[in-house]
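Got some structures for you, see below.
Across the two complexes that follow, chain A remains constant while its partner is chain B and subsequently chain C.
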Partner chain A sequence: MSTLANQRGAAFLREVGRALTALVIALIVALIVIFVTSADPGKAFSTLASAPLSSNRTMGLWIDDVAKLTLTGLAFSLVFQARQFSMGVQGQVYVGGLFAAFVAMSPLGATPFAIPLGMLAGMLAGAVYGFVPGYAKARFGASEIVSSLMLNYIAILVVNYLIRAHLAPAGSGQLMTAKFPDAAIFPAIIPGTRFDLGIAIALVATVIVWFLLYRTNWGLKLRLVGHNPKFAEYAGIRASFVMVSAMTVAGSLGGLLGSVFVQGRAFGNLAQNFDGNLAFEGILIAIVARSRPLAVPFVALAYGYLRQGAQLMGIRTDVPTEMIAVVQAIIILLVASSFSLPGKALFKRLLGQSPASAASAEAAK
Partner chain B sequence: MAAVLEAISIGKTYPGGTVANDGVNLSVAAGEVHAVVGENGAGKSTLMKILFGIEQPDKGELRLEGKPISFANPREAIDNGIGMVFQHFSLVPSFSVYENVVLGSEPRNGVRFDREKAIAQVRALSEKFRLHVDPLPAVGDLPVGQQQRVEILKALYRDARILILDEPTAVLAPQEVEELFVAVRALVEQGRTVIFIAHKLPEVLEISNRITVMRGGKTVGQVNTKDVTEDSLATMMVGREIALRVDRAAGRGDVACEIKALKITSDTGSTIAEDLNLQVHAGEILGLVGVEGNGQAELLEAVAGLRDVADGAIYLNGESLRPLSVIERRARGLASIPEDRLARGLAAGASIAENMVATRLADRRYVRHGLLDLNAIKANAQALIERFSIRAGGPAFAVGTLSGGNMQKVVVARELAEQPKLLLVNQPTRGVDLGATQFIWKSLTKARDGGAAVLLSSADLSELLALSDRLVVFYRGRIVAAFHNSDDLTPETLGTYMLGLNTQEPETMRAALQ
Partner chain C sequence: MIELLMTVFSATFFVTVIRTTTPLLFATMGGLIADLSGALNVALEGMMLIAALTAVIVSVYAPWYVAVLSGMSAGALLGALMALFHLRFKADIILVGFAVNILAAGGTVFALSQATGGDKGTSINLQSKAIPALDLSLLQAIPGVGPLLKSLLSGHSLLSWLAVLTVIAVWFFLYRTPWGLWLRGVGEYPAAPEAAGIPVNKVRALSLIASGALVGIGGAQLAMFNYVGFTRDMTAGRGFIALGAVLLGARHPVGAMLAALLFGVFEALSIVMPNLFNWIPSELIQTIPFVVTILALVLFSYRAQRARQLRTLSKI
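This part shows the complex of A and B:
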């Protein structure tokens, strides 16, 4: 048994080592880009490296990102473990945010139930939105990648339209709703910052997802389907049920993230394009965390720091925030191509791996 | 016969401390097929890697045509006329056959790659050695047997006089093995020397001139093929008497499983098998004989509930199975050992414990109120690991880390953990070493003696003849012959029915179908 502990320890260290290597390489490239583009590279780099810690306010920004990245990372981890490549978190965030906003703007929004009901409405909406591509795949064989991406666009366009045409205060010309009542907005844990209920929700969600995956019958079935769907079928596990339910549960996490977005202190209302593409960054989080729920908050912590650093660098120096996209791309490439299985499988699916090379990969086993 | 390649007192310890070779001797004569046999882990591949310059020996020396030599890398071995085909191929799937063959040593026309010449050379080589490989298609589109021959061509293109084949038959279907042997004989006829690694003994006896036996990193001895039998060779390999015979059923019970007028069609509607009528009694093994692809595998899938049935009926102890799901059939006492353990029998990335409980997720001992009882699951795995002597670090290890034989034991352990009423078995010992084969055979006969009705399909006729009480032969999706097993029944007799060369009287067949 001690050999097992050693083996696990070694595997753990290897994973951490690889993630850190990817991070260091990405930072070196970031440094080079900064040197090439900036008039004052020293300032730019030190901003990137230390700005998130510079005040309570920036730390709040960072932790707020960590909470959101954790939730999207969890949603992606869940579908990746079932080897489904639903990309629908973004769409779920929008419908989740929309329904949470409906609750907040209804008469219920001023009652103590506003927060839990908003979260619940977001989760239900997200679950329905996650269910659709799962059902389409199980029933009609539709690729979940394509259908979930299309649903993302639909959700974004519909929500943006509703805000512009119906939800924004009439005549204000604003592209957002009015502020929600205080009762519908998450309380701050540290007053005056964005350090709010969101991070607590993210941590609870982490534990719940871990429990679902590793302690329940459903989670074991889900992981077995992810490991080998033909084996699951042979063992009598209903793979399509597992698949659809995994996408539905992941959808509820996406919807919850929507509620955290709109009810969190960062917004407190429903605005157009509110997610700032953060929902998609869950892919990176899940790949680096190898879809392990307990690793997700740690990866989110490190990545969220970089992300916030880059944003502050964009504001305070002459290096554009987009620089973080370079770092992101490098981390994804390094991590996904070199060692993460879902990462590889995802890449294969996205690049439309030819049957020839897939066949030889089989033969090479 | 002068030795063309010799290895003398080779020692090799891997960095982890595994002693893979310890005083190994090998002497290969020019123009022979020299087999090296031994169980998994005996050190065969290590020795071959040393001969091919991939690993460096810690002790001992190599001699080529009597002169001491050492290879720092494969390049030097290739330059000295040695070629090697690995168990795992190194081909570029999107490249054509000829591109793969010449890769790295392309014929040139000035500075340009002379494709015409490459194609012509590859075609000529393929014909000369009867490899039957078309140079033009992409390698990824070829079946495994052809890919292997592309690897052989690669070595021959680089003028290999001595060709090492590391377990070439492990990945091949029986027909492909025959084709490979044709090529090996052609190689030897043309003066090449072949070193052939294997652990399936009938193949070794068929193809080799001499055999070196390895066990636990040492050479046990070298023998002439004509002087040994399968049993004596097995005993040398394993180091103890090993009985490759098992006891026949003492007596059988009532009919347990009955298949009536069963018809199976493919997704596209074409008929795979029809008019299948079978009875299997409790306590007997019914062997399904046939060249692969004649409907045996599909029959087993249909009974297991993994494939739709077009027409007919399947009964288990009087109850129709057709309306039942996989889980419901399993609950009625059906167990199944599938053809391909990695494709269907296991989840390689999941732990041993999870694999062992995967078919019992409706069982209250392991799952209550939707929650896993991790202690019970672990205890179950621990008990099965001991009962089936599975060599593994523990229940939490991933199945993918085990050897082939131990993976198969995980499948067998799971399916036989509880006495089944109907056991479906397909290729139970493919790619499994002798020790594990013996163990798996014993487990199957034990299940039979416990009252299971067993349907066994195998590409290995000797396995079918060793285990079955009755045999039925499939040809083009129909049952064309049936036999009570006896010592008079030979593979040759079965073969004539398998290939459709012979037909049986309806009365004889009916008598043996009961």
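This part shows the complex of A and C:
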């Protein structure tokens, strides 16, 4: 038992080490990019590295991002664990946000039921939107990658249309709805900041997803299908059911994120293109967290800090926020691959460690 | 309705279809080569976007063909990057592909603001060049069909003609040369070519590079003919639609071309429809290519599945 615990501990440390190494390499590249492009690189880099802590307001922005990144990271983790590459979180966020907004703008929006009902509506809409590519794959064999991406574009266009033509206050020419009633907007945990109910929802969702994946029959089947579909098939698991249900549950998480977006204090209304591409950043969170739900909030905490630092750098200095894309890509590439620092292999060879023993160590984990 | 039919059966609509299909066709051929070698290239979108920006920026300082070549090289480089991480460092190809997409979505905006000194959305301040159209007015001299031929064939981008040649070349390469056989073998069942002494990883790496190069030409066409200049996210899902076209075309060059043409037709429709039906909101018209892609994919996958089932049944 203790050896097993040791092995798990060692694997955990190795993963953390890898993630940190990737982060350091990515930050070094970011530093180089900033030095090449900025007139005042020192200020730009210190903004990137420290601005989120500079005030209560920026801390709130950071935590708000962490909540959202956690939810999208969980949605991606769930489908990645089943080895489905459904990329539909963005679309689910939009339909989820739309239906949450419907609830908030209806007469129910002024009652105490507005928040739970809005979340429920968002989750249901997201679940339906996640179910579609899953069903298309299970029933017709249509690639879930392509269909989920197409559904993203459709959702964004339709929601943008509804906002422009129907939901925005008539004649205002605005590309957003009016503010929801106070009862429909998440209460702030720390007054005056964006530190609101969203982070609590994200943490509860994390525990629920962990429980579903590691403490239920369904989760075991899902992970089996993801690890070894052939074995799962021989064991009599209906892979298509697991596949569709995984995408549906992930869809409800995406929809929940939509409701957190529109009902959170950051917006409190439904605006065009509101997700700011955050939904896709869940891929990074899920990969770095190795699709482990309990690791997701921690990764979101670290990445959210970096993301918020980049936003503030874009506002306060001459380096655009989009620079962070370079860091994102490098982190994904490094963490997804079995890279090792060049010196390490050489070091091992010098010590006379054969590749076979390394392979068996690899197999042992 | 009559107006729509009149528009669809006009020569100008045909020219529009060719224009919308060309970038898609290059991307589809790129996707096809990568897919056949066993590496699903989901980075078509990002490669196209980066190639488009590269071509636009280079075209400010150099002739158009240099710009097209540099767009192509940018795509090829990204293909090499994907090959490095997928084959050498054993990363999942889909994750590597999305890393490239993420890099492209933000990186192009960043690079553009560096190149223009502050513009974060469009290259409107850059004097970028266009790919010349091939003027075939001399066809008019043919008696009878001359004017029709001229209105159908004249005025296409040079790259549209290259696209047709590319389809033929890809078909010839895949089905009439030993290297094409290698490539298909590597994608179908890597153990067999491996045993025959074919360098599997090298074949895959080269296919990814070729895939990137083809997609890169598509990106150059998009930013130097379809639109002149770069705007953020200007590929607008074309790379993903091309991925759908690869699957829809039964992973065969001619099938993939027909699929790309189908999507090109619907994109052209979404361009001409706002003028005809101004009561349909433009956002909904823009969803047409995406809706058609899903429907076509589901329908085709269903038919392919049925065909497989029938084959298994007939064996019993």
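In this section, the second predicted complex is superposed on the first by the 338 of 365 C-alpha atoms of A that agree within 3 Å, B and C clash if a C-alpha of one lies under 4 Å from a C-alpha of the other, contacts with A are read in each partner's own complex, and residues count from 1 in each chain.
Note that in this section contacts are C-beta pairs under 8 Å (C-beta built on N, C-alpha and C of every residue); 3 or more make two chains touch, one makes a residue touch a chain.
Since we're looking at a predicted model, the values are computed, not measured.
Judged by the touch definition given at the top, the superposed model places A:A165 against chain C, while chain B stays out of reach. In the superposition on chain A, A:I324 makes contact with chain C only, while chain B stays out of contact range. Of the two partner chains placed around the shared chain by superposition, chain C is the only one that A:L149 touches, whereas chain B remains out of contact. Once the two complexes are overlaid on the shared chain, A:R223 sits against chain B while remaining clear of chain C.
In the overlay built on the shared chain, the residue A:I315 is in contact with neither chain B nor chain C.
Residue contacts after overlaying the shared chain place A:L53 against neither chain B nor chain C.
When both complexes are overlaid on chain A, the residue A:R215 reaches chain B alone and has no touch with chain C. When the shared chain is aligned, chain C comes close enough to touch A:L333, but chain B does not.
Of the two partner chains, chain C is the only one touched by A:L157; chain B is not.
For chain B in complex with chain A, the touching residues are 88-89, 91, 93-94, 138-141, 144, 147, 171, 304-306, 325-327, 330, 336, 338, 342-350, 354, 357-359, 361, 367, 370-372, 374, 393-394, 396-397.
For chain A in complex with chain B, the touching residues are 1, 3-4, 7, 215-221, 223-224, 227-228, 230-237, 341, 354-361, 363-365. Residues 37, 85, 87, 136, 139-143, 145-147, 149-151, 153-154, 157-158, 160-161, 164-165, 277, 280-281, 283-284, 287, 320, 322-326, 328-329, 332-333, 336-339 of chain A are the ones touching chain C in the complex.
Contacts from chain C toward chain A in the complex involve residues 40, 42, 85, 89-92, 94-96, 98-100, 102-107, 109-110, 113-114, 120, 236-237, 240-241, 243-244, 247, 281, 283-284, 286-287, 290-291, 293-294, 297-298, 301-302, 304-305.
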